[in-house]
Structure formats: structure tokens, C-alpha cells
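Shared between the two complexes below is subunit A, which pairs with subunit B and subunit C, respectively.
And now, the complex of A and B:
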């Protein structure tokens, strides 16, 4: 029973951090109507920024993330403005080509990082990364607790930003009807740029929170692209709350798989759930709520 | 106030408007009539800066706006209430109204204007926290009009506000449009509903195949033989 409790709690905590990454992806997907397959690569770049801050300057990852976020915000804005928006302007290019472009961006980011850092596995060891707290007989890593609460904090901030500010509402308006938003005076290309920037910054935040828990190497991005895609499908496109729930479900599923099947199969569990959802619940969790 | 001078507009590879000219004077309610595919919505999208203009120019309040990008048009005081309402379905009624007042003066006067809009459309106040997508067709059209008014328009452009509404609601919507106009807002109304709009407007233009083929006061056009035959079926 304690093992089960510990597994579920770990899953929830891990899922909260996955959710933050996925919220970045769902935000971009909602506004741009494309799957950003470079999303995991942005997480990876964010992790390297935090990693370098730690190894070169001794900055703690939880502080380093506040350096990684603006850096990735900038990278995201530049990608949107000078690459993706250029394709949007050309009528003859299919939307699929924007997706292909994100694949190209993913490859370039991954290989540039490999050039600089080799394919070696790296990790950040801080004073607290191996500390645990005990609740009853369950032991939970401190890093997971901190990561989860910071992730939930960012999720809440983003939710408030999207529902309370004019810019946040403009982002939602562009996602729902781009032309109508332009009639209202919204500069849609500026909004898409900002959205991509925020999405990339959230990816960096999620990556930095996971840095004390995961090994880092240039190809880790693929893992996060797959995870955010699964979460987005689970939670429904463009929904912050849906992504949070989807993240936690994925986290619990992986954690249960790792404990009761095998560590090596933990990603498989997530992918099986993904297939089942696509087959039996293609609208994600939202369709359950709508039906009742 | 608005002068459209000899514009050619193409949608992708197809030229839709051919040397189109018309004018709207301050305080007027002008109607552009036309059947489906005659180029009504294209004309409005050209004014709103969503489509590039091939030839000719558009002037608003004395300034050339042919090259002004779409998102800056609203700030100039041209507010477009699009065909099919185009609300933000997953945002609340209140949020939709707020989206109408993002710029300059409209933003600073947001609360006052919203109060006025609620006075004009009490149903919107009642449903202010409901998602726009859950409203009925008539309520959605009122919300679209309200959202347009939130921008404090100098020129209000309405694209087929009667579309898909029952005759009673159509009458009500046209009544509201007339009220808005008598409050001093210049209105450019694009419609297929010939009989009612010609009785309502000061002047009207008839658009066929991308060109203006007739113009005059509402009463003149109502007695015009071509209008009678082609649009009223008498």
C-alpha cells in the first residue's frame, strides 16, 4: 500500500511538471493550428541553458530557469517571426509544410547542441537532489516536490494571464477566430509571435524543473515532444486545465508502469494510453465532460 | 467620410471587384445590395485591410487607408461586424464585448460603453458570463453588434446582419441598426434583404459581378424596374 501511494504521488508530481511543458505546446497548437514538433527540442535547449548556468556559474537550477525562460522566449519569438510566419504568408504552401518546418528546426537545435555538448549524458547534482521527505512509509524526492509546486504556480499564472489581461484574451481570440480578432484590432502576427515565445519559455521552465531528476543529452527532446503530444491529445487542444489533468494522468500511468511492470517500459505505458485514447476517446477528456 | 475609388480586388487568383467606386457621407446609412457572389464581403474585407487592393484607393476621413494593415483599421474608427457574426465562441459574452474595446479611447471608456451596450441589449447583461457559443442566433447577432459598438465606431460596417434570423428578429435587428445610425454613427450595411433595407437607408448601391450597376436613394431604387425584376420578383 505504501509502495502504491508513493508511486501515485510521484506520478502526480512528475505529471505536474510534464503538464507545464505540454501547456506550452497546447498554447502554440491552439493559436497556430499546427503541431510544433520542435517543442521537445526547445525543452532540451532550455535544460542546457540551465545546465550551463549551473556548471559554469554555479547557479541553482531553480534560479537558472529564470535565465533559461527569457532566452527561450526570445528563441521562440524569433522562430515564429522569421520562420513560421513567413510560411503562413505564402498562400500556396500547405499547413503541413509548417509542421515539416518544425521538424527541421528540431533537427537543427538537436544537432547544434550535439556539436557543443557531444552526446554525453549529463546531470546536475545539487545539495538537495538526493534528499527525500518521508510521509508515513513513503519517501518522496524533494526535487519533485519543489518542481511540482513551481510548475503549478506557473500554470496558475498563465491561466490568470489568459483570462484576465487584454493580451491574454487576444491570444485566446486569435486561437478561436483569427480574422475576427483582426477586425477587433488585434495584430495577429504579433500575437502568434508572443504565443510561440511564451510556449517556448514554459517548455524551458518545465525542462529546468526536470533537470535535477533526468539525465540530459541532445536527443532527450524527442521524449518530451512525444509526452506533450500525448498530454495535449488527452487534455484537448488549447485547454490549460485539460493539459494539467492530462499531464497528471500521464505521470501516474508512467509511474505505475515503472513500479509494477518495469522501469524500461514506463514510456510504453504512456504510449499505450495514447493509442487507447485516440481509439476510444478521440476528443480527449473534454468529450467526457461534454457528454454528461 | 469613406471614399472607395475605382478599386480592383482579387481573391487569390480570381479577380472579384472591377473598378468599384462608392462613397459614404458622415451620418448616413448606406446600403450595398447584391446577390451571393457579387463581391459584397470582398468589398468590406478590402476596406478592413484584410485583402490587398490591386488598383485604385480607399480614403477614410481624408486619409488614404489602402495600405493600412487590418489590425490598425479598427483603431481609425472603422468597425467591421462580419458576416456570420464571428464571435469568439469559447469566451464569455463579457469577454467578447471586451475584445471589441482593445484600442485607445475605446479601452479607457470600456466600462461606460459596456453599460450603454447593456442598456441597449438587456439580454447580453443577463447572459454576460455565458459562453458566446451557447447563445441563440438572434442573441449572437446582438452580441456581434454590441461588440462592434464597444469600439466606439465612427463608421460601423455590417455584413448581412439578418443572415439566418427569423423575420421577427430581422425586423428587430434592422430597428437597432436604425437606432444606432440616429445616434450619430455612420453605417455601411451590406444586405440581400432588399425590401426592408431600401426602406431603411438614405442611399443604396447595387453590386453585380463586382461592379456597381445602380445607385440612388432607397425610394428611387424601390421603384427601379431592374430592382423590381431581379431582386423583388414583381
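And now, the complex of A and C:
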């Protein structure tokens, strides 16, 4: 029972941090209607920024994330404005050109980081990263605890931002119906750019929170891309709350899989759930709520 | 013009056949053999992705299964892996049936993501199963080490791939496939069984990707799941090679493969393990400025020039 409890709690905590990354992806997906396959690479770049802050300037990862976020916000805005946005008017054979461009961007970001930092595995060792707390026989990592609560804080902030502020409302309007939003006077290209920036910033935040827990190397981005699109589909495209729930579900499923099946099949569990949801529940968990 | 094109093609074939008699250096031949393998992967991806419009992020599954079919023959039964050149493509075709059954229920980006997930599932399975020797991979001792031999095997495999793909695309099936890409709903309403034809595109696509995999196993002689089922190095590169060379063109994937391999080799000394960087930047630029790839835009440019000439001729007539 203790093992089960610990597994579930670990899953929830890890899933909360995954969710933050996925919320960034789901925002972009909702507004731009494309799958951003460079998202994991953005997470990875954010992690490197935080890593450099830590090793060069001794800035704690939880503070370093506030440097990584604006940096990634800027990178995201630039990528959207000068690359992805250009493709809207371009006529091409494959309609998925924008998605394929994000793959190219992922490739470039990964290789640039490989050029700068080599393929070595790196990690951040802080005073607390190996500390644990015990709750009735279950040991929980401190770094996971802090990460989870910061992630949930950001999710809440984002929710407030989307529902209370003008820009947030404009983002939701563009996601619902771009043309109608434009008629209402929303500057949709500016909003799209901001959304991509916010998505990238959230990716950086999630990456920084995971930095004390994961090894860092340039190819780690693929892992996060996979996780965030799984979560996005689980939660339903463009839904913030859905992504939060999807993240936690994925976290629990992975950690149950790792404990009760095997560590090697951990990632398989998530992918199989993903396929099943894609096939039998294409709207994600959100459609369950709507139906009832 | 037609005669000129034909002469050019014959010249190309002659050059391809006598090339290893001129270039004897193993390094240069090695690069050309790698180009052949990538051209096969790209051409088969192009049949499904370029012509049919089903962008697959999971072709590593077929590549890996083809490679493993050859490797496991040797590993478990001691049969020469050359039989894998027969078994590999068929094994890839067999696994493409359930994959098609699952993935073709979905469309557009959802299809792409499902294929990505399926490819990754294969990688994780092959890492964890004991039957495939897990992450340790499979090492074989090649019986033939002459590069010239592999050159001709690769060349014939590529010729077969391009030939069959060309035949499919220029048959009635090809028109059906293009119609699915252009507008699936309209194709359905005209009575084309779209799922069936998507599967008909997937089968040869998987077959030839499996052939490339089996050739890779025989040539490189070592595989492990993280090499042959790799998402970024196989599945994604297959797409990038086609995007660079030209979507839905006969020669585009081959051109893209040549650029990919040669750029990688040129920058291996200066950029080290990040040698794909230049290729990645080039792909981004190509998608931005030549959205249909090098060969694709070449046709357009040529058509543009031809139209201009016709216009001038018409002017004279009046």
C-alpha cells in the first residue's frame, strides 16, 4: 500500500510538471491549429539557459527559470514571426508545411545546443536535490514537491491570465474562431506571436523545474515533445484544464508502469494510452465532461 | 526536349553503372552507398507522404523491422543475412497492415502523431524484448567486404524502388493517391475507397523502407534499437530528405539524400557530432523559400520558362 501510495504521489508530482510544458503546447495548438514538434526542443533550450545560469553564475534553478522564461519568450516570438508565420501565405503541396518546419526548427535547436555543449550528460546538483521528506513511510523528493507547486502556481496564473485579462481573452477568441476575432478588432497576428512566446516560456519554466530531476543532453527534447503531445491529446486540444489533468494522468500511468511492469516499459504505457485515446476518444478527456 | 531528357537519363544510368570502376576509393563509395540507402528511404516515404499526403513520422518502424528481420535470421537461425533482403521488406509489409489499420482511422496531424507514437512503440519494444537481444543490438560478421559489391546492390535496390514507385504513381492508383492528398472528402464522394488506397500506398512504402533496413543491416553489420528505430535520425530525417529534395517528385528524395549525406560528411570535421546542423538550417530555408523542395521548384521554374516561350510563339502567330 505504501508502495502504491508513493507511486501515485510521485506520478502526480511529476505529471504536474509535465502538464506545465504541455499547457504551452496546447496553447500554441489551440491558436495556430498546428502541432508544434519543436516544443521539446524549446524545453531543452530553456533547461540549458537555466543550467548555464546555475553553473556560471550560481543561480538556483528555481530562480534561473525567471531568466530562462523571458529568453524563451523572445525566441518563441521570433520563431513564430519570422518563420512559421511566413508559411501561412506560401502555397505548397503538403498542407503540413508548418508542422514540418517546426521539425526543422527542432533539428536546428538540438544541433546548435549540441555544438555548444556537446552530447554530454549534464546535471544540476543543488543542496536539496537529493533530499526527501517522509509522509507515513512514503518518501517524496523535495525537488519534485517544489516543482509541482510552482507548476501548479503557474497553471493557476495562466488560467487567470486567460480568463481575466484582455490579451488572454483575445488569445481565447483567436483560438475559437480566428476570422470572427479579427472582425472584432483583435490583432490576430500579434496574438499568435504572443501565444507562441508564452508557450515557449511555459516550456522553459517546465524544463527548469525538471532540471534538478533529469539529466540534460541535447536530445532530451524529443522526450518532452512526445510527452507534451500525448498530454495535449489526452486533455483535448487547446484546453488548459484538460492539459493539467492529462499531465497528471500521464504522470500516474508512467509511474505505475515503472513500478508494476518495468522501468523499460514506462514510456510505452504513455504511448499506448495515447493511441487508445486518439482512436476511441478523439476529443480527449474534455469530450467526456461535455458529454455528461 | 524529350529526346534530350531521355539521353540525359541514359547518361545518368551509364554513369551510375561505371562509377565504381572509376572511383575506387572505399570512402567515396561508402558515401554513395549511404546515399543509396537514404534515397530508398526517402523515395518510399515520398510515396505515402508526398503523393498520398499522409505525413508519417514513423517510418523508422519499417526501417527497423527490415533491419532486424535480416539481423535476427543470422542471430537466431544462423541463416545468411542476405536472405533478410527478401524477408525484411515482407516483414515490414506485414507490420504495416496493423499500423495502417490503426493510423488510417486518423487524419492530418493526428495521423502524423499516431505514426510517431507507433514508431516509438516499436523502438521501446525492441529495446525491452529478449527475442531481439534488447538494447545490446545485433552484430554480424559480413561475408563480403568489397564496397563495389554493396554499391551495385544498393544501386539495384534504388533502381527497383524508384522504378516501382514511378509505375505506381503513373498508374491509375497514382491518380487516386494524389486525389486523396488534394481533397480526401472529394475523393470519397467520387467513389474512391480512400482507406484502401491509403493502405495500397503504405504497403509498397513499408516494403521498400524495409528493403533499405535490410540493406543497412548487411552493409553496416551492427544495429541496435536506438539506431534503426530512432525518431530523430530515421523517421524525421526521412521527411527532411524529401522536403529538401522535392515532395511528390521522382528524383527529389534522391537529390535530398545526396545533399543530406554529403553535407553531413563535409561538416563532420568542423562541427563534430553537430554535423546535421547545416542540413537542418538548409531544410528550414528550403521549407520557407522553396516549399516544394529543390526538384519540385525546378519543375515549376522549367514550366514557367516553357510557358513564356509558348506565349512568345503565340505572339508571332498573331
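As a working rule, the second predicted complex is superposed on the first by the 287 of 292 C-alpha atoms of A that agree within 3 Å, B and C clash if a C-alpha of one lies under 4 Å from a C-alpha of the other, contacts with A are read in each partner's own complex, and residues count from 1 in each chain.
Operating definition for what follows: a residue touches a chain if its C-beta (ideal position, glycine included) is under 8 Å from a C-beta of that chain, and two chains touch if they have at least 3 such contacts.
All values derive from a computational prediction rather than experimental measurement.
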Subunit B versus subunit C as contact partner of A:180, first or second or both or neither: first
More subunit A residues in contact - subunit B or subunit C: C
Contacts of A:100 with subunit B and subunit C, given as first, second, both or neither: second
Touching partner for A:256 - first (subunit B), second (subunit C), both, neither: neither
Subunit B versus subunit C as contact partner of A:166, first or second or both or neither: first
Contacts of A:146 with subunit B and subunit C, given as first, second, both or neither: neither
Touched partner set for A:219, first subunit B, second subunit C, both or neither: second
First (subunit B), second (subunit C), both or neither touched by A:274: second
First (subunit B), second (subunit C), both or neither touched by A:52: neither
A:90 touches, of subunit B and subunit C: first, second, both or neither? second
Shared subunit A contacts, counted only where both subunit B and subunit C touch the same residue: 91
Subunit A partner contacts - residues on subunit C that touch it in the complex: 49-50, 53, 55, 102, 105-106, 108-110, 112-114, 116-118, 120-121, 124-125, 127-128, 181, 231-232, 236, 239-240, 243, 247-248, 271-274, 276-277, 279-281, 283-284, 287-288, 291-292, 296
Residues of subunit A defined as touching subunit B within the complex: 91, 166, 169-170, 172-173, 176-177, 179-188
Subunit A partner contacts - residues on subunit B that touch it in the complex: 12, 48, 50, 69-75, 79-82, 86-91, 95, 98-100, 102-103, 107, 147, 151
Residue numbers on subunit A that touch subunit C, as the complex places them: 34-35, 83, 86-87, 90-97, 99-101, 103-108, 110-112, 114-115, 118-119, 219, 222, 226, 229-230, 233, 262, 264-265, 267-268, 271-272, 274-275, 278-279, 282
